[in-house]
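Each of the next two complexes has chain A plus one more chain, namely chain B in the first and chain C in the second.
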Partner chain A sequence: MTVTSTTRPRAGSKASPAAAAAGGKAYTPYKFWFYLPTAVLYSVLFLVPTFASFYYSLTRWSLFESKFIGFENFVTFFQEPALVKGFTNTLIYGAVTSGAKVVLGLLLAVLLTSRIVGRGYLRSVVFFPVLVSTIGVGLMFQVMMNPERGIINGALGVIGIQGPGWLTDPKWALLSIAAVDVWKGVGLATLIYIAGIVSIPREYMEAARVDGAGSFETFRRIVLPLCKPATVTVIILSLIGGLRSFELIWAMTRGGPGFTSDVISSVIYKQYQAGFYGLSTAGNVILFLLVTAIILPLNLFLNRKEVDM
Partner chain B sequence: MTFRPGTRGLAVMAACSLALTACSAGSLGSSDDAGASSVEITYLIGNQEQDLKDATQLTKDFTAKNPGVTVNLETRPAGSEGDNIIKTRLSTGDMTDVFAYNTGSLFQAIAPEKNLVPISDQPYIGDLDENFTKTVTSGDKVYGVPSGGFMGGAVLYNIPIYTKLGLQVPKTWAEFMANNAKIKAAGGGVAPVIQTYGETWTSQLFVLGDFHNVAAAEPDFADKYTKNQAKYATSPAALKGFEHTEQVHDLGYENKDFASAKLPDGLKMLATGKGAHYPILSGVVNDMIATNPNAAKDVGLFALPGDDASKNGLTVWTPGGIYIPTTTTGDKLEAAKKFLAFVASPDGCKSLASAGVPTGPYAIKGCQLGSDVPQSIKDMQPYLDKDGASSLALEFVSPVKGPSLEQITVEVGSGIRKAKDGAARYDEDVKKQAQQLGLAGW
Partner chain C sequence: MSTAELVNHRPGRSYLLSAVAIVSSIVVFIIPFAFMVLTAVKDRQQAADLSFAWPHQFRFAQNFVEVVKARDYMLVIAYINSTILTVASVAGMVVLAAMAGFVLQRRKSRWNPFINFLVLSGLIIPPAVVPTIWVLQKLGLFRTMPGLILIEIAFGLSFCILLFRAFVATIPRELDEAAIIDGAGPLRLFFGVIFPLLKSVIVTVVVIQSVNVFNDFVNPLYFLPGDKNATVQLTLYNFSSQFSTQYNLLFMDILLITIPPLIMFLFFNRQIVAGMTSGAVKG
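On to the complex of A and B.
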């Protein structure tokens, strides 16, 4: 806190003479031409495609030609049961993976910041799945989750449990993929939480211990509230990741059996494969709006809480 | 002016990258300089093992006859991913000189009149089977030659099981189900019907392979279907396919691991007698025999049975086509035309026959199946020889085909969805395709 309060006025005083030198205008260190190349790149690579996609979402488009049809694509998108199923599945998938990553990530971080043997090694081990190719992980688990020949049901069979068809039973398919997603992504959440916990000053813990707080009290009253910025980051990152998740689902079930584990991204991909380019572009616009509609208020809400604290 | 050196650097970089791309394009085209004596063309095929074997053999035999032309192969993924690649490359003008692709509804979807070179004026057109040319015609022009033999969508069955239990090849659905009941009652862990939903496309055969029976009961179904006047859910004959898929599941005739098994598992079950019936395309016979040589003798084929024994017949898939895109010009176009002429000649099918087991009879006049073909392929011939005992699959007589049928039949065959509901859902699915193609009446 003391550091920021001393630097801020100095930075301000440095900026004001420069602004005066520029003839009263807001000071900018670069000339117009300096921005031009990046501005052109930005328009060509981002602005134009974004607006083109809004346009094409209103057309029936075969790559060879397009025909303007108004909002018909959006109507089709929401009329189809497969797409509505994909919509709800996306929300379930995002909420489940994000929630599990927060809880597990925090608990693992508490474990990995304690004084245990080989702490550095264990910390890197929990992060390894993040580095592995998603498709590779998906195919691997697809084999392990095979109901008849897979190692998971084999192991359960040894202790007398008849495991379900993890990926072939409509009740389990989406949750099984979510579980693998959590396994693969929890390392990142843990890492963020470790950074958060390590930055909590030791004095707070010691003071709490002097006041007679037990382990649970310390965790609830000190670690949990002071980790809020980390929690916000983890929730936002994993929720965005969960809402647009595709590779893992495609590698493991391709949205099956039937349509039971379809999410918006896999539905969009299938429409695109089928050559319904306008319809799938409309799906992308819907995904964009959905992610914005969830993340924007959530971000505002969580960050406001942070400021209050 | 101060930034002049910067722009010069940029210009140099741009020139360099241009030169680089020009180089790579030039190295392909450089053979043009050497004159017509050596032309190199590139042929794009699917990446399935058999596609590659066929194409390698074809190009080898073609080059032997035409020493001036070299054909390079390039592969692409199969299925809808491949559809996408074909469409994208055509629309960006980046297609290879010659390419293999489906016939029928998928062929119509790549805008042939705009993107392909017509071959109607070639002398060999008269030698092509009419069933085939119908499926590569757009407007009044023909665009492709067949890249293989016909395929049947039928039931492959294990002959030793039939002999042991004294069963007869069924001609009606009721007989088929009676056979299934006997096979199940005989026990021994033999699955009456093999289903492999681990590879979803294999789930569609009860519906797609039943089309001969649909056409026999409602001869104008395809026409009305294209015009949005007939529906799977409301046509009793067409609905049968979905109902059959459902019955097989509800009566417990499927193999236990139907939800996760894949095509090779299914073929192995069939060849080793762990399963009795497998509704599938005859194109898989080659793979089955490659891993289980005994299947050449032990596995037979019969058409999907319908209601009427006297009208029972085989639903036939035409071979894929080989096409030339409009982007091929000059010497390459001449070479490409020579290649197509070779494929459409008896030499072409001889070459194909030496690359592996045929999937069925050839679509070129003067081409005969050898005497050593597997039993299941031989079983197709009587259907094709008899008048009215075979029909083209629906996807070849109507451009309307939805992309989600395989997911829907998996749902119906897994007991997730009822047959009637599944059929209605498929009707919704095809609507998008029909609208995309701009058909009248949708």
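On to the complex of A and C.
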């Protein structure tokens, strides 16, 4: 017992990957059955529904029986104006929130790593909304964005601006929700950028300064390129979150007025509530395809450049 | 101290910039929370103004009692449900993800790329809602608390596995070898030697995921509908239509729901930051 176990793991650790991969005979304390509970849960509750969604999106479905109808659900999805609106809104929402989080997050991170008074306080206050319940934030801003009595339009009125009906005007509803999303989520982007900036070796900055670079030059030539991994993380995370966003929209407008602030996730919920399970599942499949079609190429593209550097 | 100060070239602190930053932070971030607290303690009439004004009278205790009592102590039941949900699902996530992350990091096999792919898919792919309900129904777990707990675990595993895998990589293999020489089997090795060493990352995972699960609205909405099992987020959502004329009570409810994350934030700020930025530098 002791003899075998003294020799084998050591051999395993030295020639590590190859020896373990050759596997089979060699004793390993790293058992595959450690995966078992995870694998069962993940397969049953995540993989099976995901694969099943591809079939059921092609059916008229009542949970108990399903009738195959081909691509009818998808046709409906792209013909019904309300549903098409949800599709385009998802793209707008994802692009706006993720773009704003990258820009604001980077600016805030540069600010919060510089020597300013109250840095700790500022970091905390920017980050805290990340942890607050999305529904709570949504309801809070819904009240503050009240067109006649809300404090946002009240404050704008003081400086002589007639604020729009943030959530009641179809032109503004989606963008207002996106703004609240940025308010809530920018702290995470800032945090990621701060970690990226802090990890830049000090010598680079000094060298740039010796070479006579100004602050903007240093930012553009040193900080920006060396923050690339942080940027990639922020873009990917906020896009994944933005494209799937549901809670904030549901709390603030429920897709309204009309269906002008609907996104795919809220369409999925509405169709589910209405009992159109096949159509709802088709929405899920479209969301799945949309997210992968955007995230995968983006990930490859962004990470390839990182390797070059 | 930090690198960015060199960007700014300034030997001293910039007081003007600081002042601008602090004032804007108050306007953008403090005022909404102050508004929430003030509205929560106002009386009904004044709260209906929706204005940012000092309360005529402080009715913290009355509003608190009224919210708690609303709809037969719904909020208390919801807090109990949310606590059960959070504790059980986070505990499950930690144990399962630590085991999987440990083997995934230690044992190099030709399955690893495939497993890593599955882990990343779990982060990216939006869960298919109705088919999940269908599976839960077949298992008899739809509309049950155990069903929702398993759902939360399944959806949260990916993130946890990534954190655990990264942390296990920092534990020297010599420790495993020493334990095996001393006669530890796979289970003893993991639970007796490795698991205790994961303490710091476990704290991170527990804090982040408990905030996530506590704040989750979508999964309870889909998989555990009905008043009997309502979680705090669902209760808040339901109150929002019931209290549409009683903003003081609505904001009191929001305030009560904000307190647990606030406590987490005050005590575990460092761990939250560590967990959320891990991977940011490496990409």
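Please note the rule applied: the second predicted complex is superposed on the first by the 269 of 309 C-alpha atoms of A that agree within 3 Å, B and C clash if a C-alpha of one lies under 4 Å from a C-alpha of the other, contacts with A are read in each partner's own complex, and residues count from 1 in each chain.
Following the convention adopted for this analysis, contacts are C-beta pairs under 8 Å (C-beta built on N, C-alpha and C of every residue); 3 or more make two chains touch, one makes a residue touch a chain.
Treat the numbers as computed from the prediction; the structure is a model and nothing was measured.
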Superposed partners chain B and chain C on chain A - clash or fit: fit
Chain B versus chain C as contact partner of A:Arg209, first or second or both or neither: second
Which of chain B and chain C A:Ser176 touches, first, second, both or neither: neither
Touched partner set for A:Thr253, first chain B, second chain C, both or neither: neither
Contacts of A:Thr59 with chain B and chain C, given as first, second, both or neither: neither
Contacts of A:Leu188 with chain B and chain C, given as first, second, both or neither: second
First (chain B), second (chain C), both or neither touched by A:Asn146: both
Partner chain(s) touched by A:Ser98 [first = chain B, second = chain C, both, neither]: neither
Chain A-centred angle between chain C and chain B, computed on Cα centres after superposition, in steps of 10 °: 70
Comparison of chain B and chain C by chain A residues contacted: C
Touched partner set for A:Ser245, first chain B, second chain C, both or neither: neither
Partner chain(s) touched by A:Tyr272 [first = chain B, second = chain C, both, neither]: both
Per-pair minimum CA distance [chain C against chain B, superposed on A] in Å: 5
Interface residues of chain A shared between complexes with chain B and chain C: 63, 146, 272
Contacting residues of chain B [partner chain A, same complex]: 3, 80-81, 83-84, 87-88, 90-91, 109, 111, 114-115, 197, 200, 256-257, 259-260, 403-404, 407-408, 410-411, 414, 416-417, 425, 428, 432-433, 435-436, 438
Parts of chain A lying in touch with chain B, wherever the complex brings them together: 33, 60, 62-64, 67, 76, 80-82, 146-148, 165, 167-170, 254-260, 270, 272-276, 279
Of all residues in chain C, those that touch chain A in their complex: 1-10, 12-15, 17-19, 21-22, 25, 28-32, 35-36, 39, 49-52, 96-97, 99-100, 102-104, 106-110, 115, 118, 122-137, 139, 150-151, 153-155, 157, 161, 173-174, 176-177, 180-181, 183-186, 189-190, 211, 214-215, 217-218, 221-222, 232-233, 236-237, 240, 247, 250-251, 254, 257-258, 261-262, 264-265, 269, 272-273, 276-277, 279-283
Chain A to chain C touching residues, read off their complex: 1-2, 5-6, 9-10, 13, 16-17, 20-21, 23, 28-32, 34-35, 37-38, 41-42, 44-50, 52-53, 56, 61, 63, 110-111, 113-118, 121-122, 124-136, 139-141, 143-144, 146, 149-151, 154, 183, 188, 191-192, 194-202, 204-206, 209, 214-215, 218-219, 222-223, 228-230, 232-233, 240, 243-244, 246-247, 250-251, 265, 268-269, 272, 277, 280-281, 284-285, 287-288, 291-292, 295, 303, 306
